[in-house]
Amino acid sequence: MNEIVPVVEMTDISIGFPGVKALDGVGFRLYQGEVHALMGENGAGKSTLIKALTGVYTIDSGTITVLGENKRFSAPAESQAAGISTVYQEVNLCPNLTVEENILLGREPRRRGSIDWKGVRSRAREVLAELHLEHVDPGSLLSSHSIAVQQLIAIARSVEVSAKVLILDEPTSSLDAGEVAQLFGVIRQLRDSGVAILFVSHFLEQVYEISDRMTVLRNGKLVGEYLTRDLSRMSLISKMIGKELEALAELDEAPARTRTRSEEGSTPFLETEGIGRKGSVANVDLSIHPGEVLGLAGLLGAGRTEIARLLFGADKADAGLIRIKGNERKIRSPRAAIDRRIAFCSEDRKKEGLIGDLSVRDNLVLAMQASKGWARRIPRRTQDELVAEYIEALDIRPANPDALIKNLSGGNQQKVLLARWLVTHPELLILDEPTRGIDIGAKTQIQKLVNRLAAEGMSVLFISSELEEVLRVSDRIAVIKDREKVAEINNDGVCAEDVMAVIAGGTQ
Amino acid sequence: MSPNSTLAPFAIRKGSAPRRQLRGNARYAPTFATLGLFLAMFAVGAGMYPSFLSGQVFLNLFIDNTFLIVLAVGMTFVILTGGIDLSVGAVVALSMMVAATLLQQGWNPAAVIVLVLLIGSTLGLAMGLIIHHFEIQPFIVTLAGMFLARGLCYVISLDSIPVTEGFFTGMAQAQIPLPGDLFVSPGVILALAIVAAAFFVLHHTRFGRTVYAIGGNENSAMLMGLPVRTTKVLVYALSGFCSAVAGILFSFYSLSGYSLAAQGMELDAIAAVVIGGTLLTGGTGYVLGSVVGVLVLGIVQTFIAYDGTLSSWWTKIVIGALLLAFILLQRLFTRKTT
Amino acid sequence: MTSLLKHRLAWPVIALAALLLLNQLFRPDFLALRMQDGHLYGSLIDIMRNGAPTILIALGMTLVIATRGIDLSVGAVVAIAGAASCAYIAASPEPGSPATALTAVLIAVVAGLAVGAWNGFLVATIGVQPIIATLVLMTAGRGIAQLITGGQIISVTNDGYKAIGAGYLFTLPVSILITAAVFVLAAGLTRRTALGTLIEAVGINPVASRLAGLRSRNIVWIVYVFSAVCAAFAGLMISSNVTAADANNAGLYIEMDAILAVVIGGTSLAGGRYTLTGTVVGAFIIQTLTTTVYTLGIPPEVTLVFKALVVITVCLLQAPKARKLFARVKAPARPAATEPAKEEVAL
């Protein structure tokens, strides 16, 4: 294999952003006719590497060769001219144009300077047929198709240029099993025709199903290059996380939850009956008692966040009803939810949580101030007391109330956002991925905090992609799959495999 | 179910994709609404004033609005990319001032026209470059462009300068006869030629399709390797060029240059484009729709002229109201799909 | 905190000082103030008095811009306010009485409230982009003003009314006092209450603000109403100064001056953090620039060209791209402040 010249060879690539080294001397080789998986946790540098290869980012140092030729890309067009096509997770096509145009945009056949629309139609039909997409009308608007079909159309676009390299960045994250199978069929077909495919996915099983080799990154550095069949799942995970297996096991010990089992028959703080929203989630029944932690388990994109948003009024439910302390209530906006003493920490800290240019103090008292209205400003002294109290209690660093929140680390930002809600004394706290992307110390602190809050009588809805974490903090676990609740498990002695089995077990 | 596929994430049902665009035939709805409005207004006019229902009244809508048609063409390109150009009225005035001054000094009219077109295009190009390279919002850059062009008018002269040059006066009086005792001005032919060219460019060239792609999703267009930068810059140059042409046409029409001329014309142009069915967020719209939009504005003026009791300011109020109505209509059409 | 303030206002203040000095060099009595009949006179007073309407409107504009908005209708509001009050005075049975003047002021303010509520409704409730929403009244508003005046210039004779734009109180022009009062009110209202912080929160991150329970709709309404009322007062000043309402030309292009003042003062057009003091300094710079043009003997027609160049320069200096370039040239070691494209990196 090593005698053949790689289609793409990246050597000693470094890219830095203010304050961060996103890629540090990474090397990467991609050969003709292989499916190569790029593996690593969030923030390992996968998307940065892809963007370097596609010309979205310019590399600071290192070399990129395509088919033995030295290249330096500074725009996506240059990378594409070199035969590299990319299909992104959030389909990057134009929804206002037709399918055929999206396939051929910028490369339309022309006759005397004028686009040959008949030629466009027939070329589009050919390409669609190649991918067994005959049922897609080339003249229909892109936006009239499902995400899965849009994704395949994006691939059709790269097939059309007969790309030498096809990069698939999380292509399956919004596809169902059947659609994934169809996609994999297309990928194999392309691979066999000699295309080099770079595949990025969070889904281990998919990676093992489709890839021939893999490159593992961690913290912007190269861990190694492996043959997929030679690398076990467990050793892959330990290489991605950078800890030995024993250390992993140890980590799982973490704070033990003193369970305050809710009494049977007591009135739940919040109860839903068949709530749902068109195109989002359907028919969800949940109940959360005071002092109880309800975990939501399920895969990324299963509908966990969507449920949280319905409960908080961030999206309006169009079916079902919500009862709070036994009384039916309509929750039409976040404001209404907050007035019912519900708090929500979004999974997207930067977009949905932080007010980046404001200070820690302003961010921390924001929800409380919003509840009081603009006219009644929280007195400065009260603000100082609250801020000092929570900086101390949650160990927020730097302990400077006037620091701009955008300059804090992820873990500390998360703590400020938690404090924002804790000062309002909510009765139900919804935490969506509260520990994502933060360091292990802060993570443990947050888990302990959840524990303590529940012990004090608060209801908590805890959402996390890490099953172990959900198991560690929750009293009960609702399993979400396919945008519905499929099971509810009492957390007494169950392990991650049990929950996994429920998720794997198909819809009951 | 195989063990491999159990870890697959779950289907997003059809229809859950975020959509900010009009779907299917809804794309044409605003334009048809405008056409319907125009026909209705014409019918009402015919009912109220017998002389309204004549071919010449219809043709006069074109003759009196040649410059606005050309402006709307340029503005359509800009708005389709999701931008806006507030400088067009001032550039029209500047073009008229430059033309009138140079003609007064005895320049050759052909040279004058070429120079005016060059000035307009250069101004537009400069604005496009600033918008693109420094990532400043189009409205503030074109606002500055409006200042600059208007200021240059004042610098040239504060007074109205008459145009007495032969070619221009000839164009002002020329009538091209049509069958049935009807006629149009040469300006109308030019304006319609520009509309036809714009239609061709938008629908049958890669540049035109890139304009739509940018309005649909600029980031996608960039990632698809389309020449986003060049296109965005050229669109403003094109709008500047159209403004200069409109300035020349307005000179034919008014035979003078005046630094306060064409005040608020940028608003008329934007209104015509919006009323013609182009989404202000970009990506959807038709240049022919913009022409209908101009005709609607024209018929409002004709109404007010026919009525006699209504004063000219009603034009502004009605245009404002129409603009509002169509903006709300756009919201209605797009809200369901956002 | 102090270094931040310094950073924000340093350049506008230096620019203003430089302009004033330039004038002083050309006209040695430029900075001099003198007392005459109990009134203060001098070029500085003139600058403040002539700049008063722009400052007023720019104060309102600052808050609108801080919420990521823009208000293009202010010029039309100036015309409407002047037209409505003058039309009322001209038609009233006692056109000279103070009561009539007071009612006229009230009418103008109510007109401003109505326009502001309408703009706020379009932006906050219907969700129309601010440029477009206020464009509607920018177009129709002047028509409405002309409708009120019947297309004529309405002249009025009312001492009380005249005092707003041309009168003196405590040795100072009334218009300066009104403007100062509005500034104090706006600064006090936004900083003594939580309004200022909430406006900034909405401007910096509207999504997060909504999820924190902020009723951004109310906030947006308030700023548009405030902006329109400021414009109404400016309209009163302008029409009172010439004791006439000119629906065609009153407040023409004043929205541009106001936006310019806000931008020069250091508030970003992208919304978020704002500075009212900066805006006032910005407005003074524009007014002084106009005066300078006269002082230097440059034909006044050039002023607009000047302003255009200033807007472009200031915008370029504010643009992140240009700042990055600047930072590279000045201090290659320091990393660039922000680079939008790269902020998206998943870390």
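As written, the chain order gives the labels A, B and C, with residue 1 at the start of each chain.
We take it that a residue touches a chain if its C-beta (ideal position, glycine included) is under 8 Å from a C-beta of that chain, and two chains touch if they have at least 3 such contacts.
For clarity, every value in this text was computed on a predicted model and none was experimentally measured.
Undergrad: Which chains are in contact with both chain B and chain C?
TA: Touches both chain B and chain C: A.
Undergrad: Report which interface contains more C-beta contacts, comparing A-B against A-C.
TA: It is A-B, judged by the count of C-beta pairs in contact.
Undergrad: How many Å are there between the centre of chain B and the centre of chain C, using C-alpha atoms for each centre?
TA: 30
Undergrad: Just how far, in Å, is the C-alpha centre of chain C from the one of chain A?
TA: 44
Undergrad: What parts of chain A, by residue number, touch at least two of the other chains?
TA: If we look for residues of chain A contacting two or more partner chains, we find 56.
Undergrad: Spell out the residues on chain B that touch chain C in their complex, using ranges where they run on.
TA: 84, 130, 133-137, 139-141, 143-148, 150-152, 154-155, 158, 264, 267, 270-271, 280, 311-317, 319-321, 323-324, 327-328, 331
Undergrad: Once bound in the complex, which stretches of chain C touch chain B?
TA: 70, 126-129, 131-133, 135-144, 146-147, 150-151, 247, 253, 256, 259, 263, 269, 299, 301-309, 311-312, 315-316, 319-322, 340
Undergrad: Considering the complex alone, what residue numbers of chain C touch chain A?
TA: 1, 192-195, 197-198, 200-201, 204-205, 207-215, 218-219, 222, 272-273, 335-339, 341-342, 345-347
Undergrad: Which residues of chain A touch chain C in their complex?
TA: Within the complex, chain A touches chain C at residues 17-20, 22, 42-43, 47-48, 56-57, 312, 314, 333-335, 338, 344, 346, 351-358, 362, 366-367, 369-378, 402, 410, 420, 437.
Undergrad: Please give the residue numbers of chain B that touch chain A in the complex, ascending.
TA: Going by the criterion above, the answer is residues 1, 3-17, 19-24, 27, 200, 203-206, 209-210, 212-213, 215-217, 219-227, 283-284, 337.
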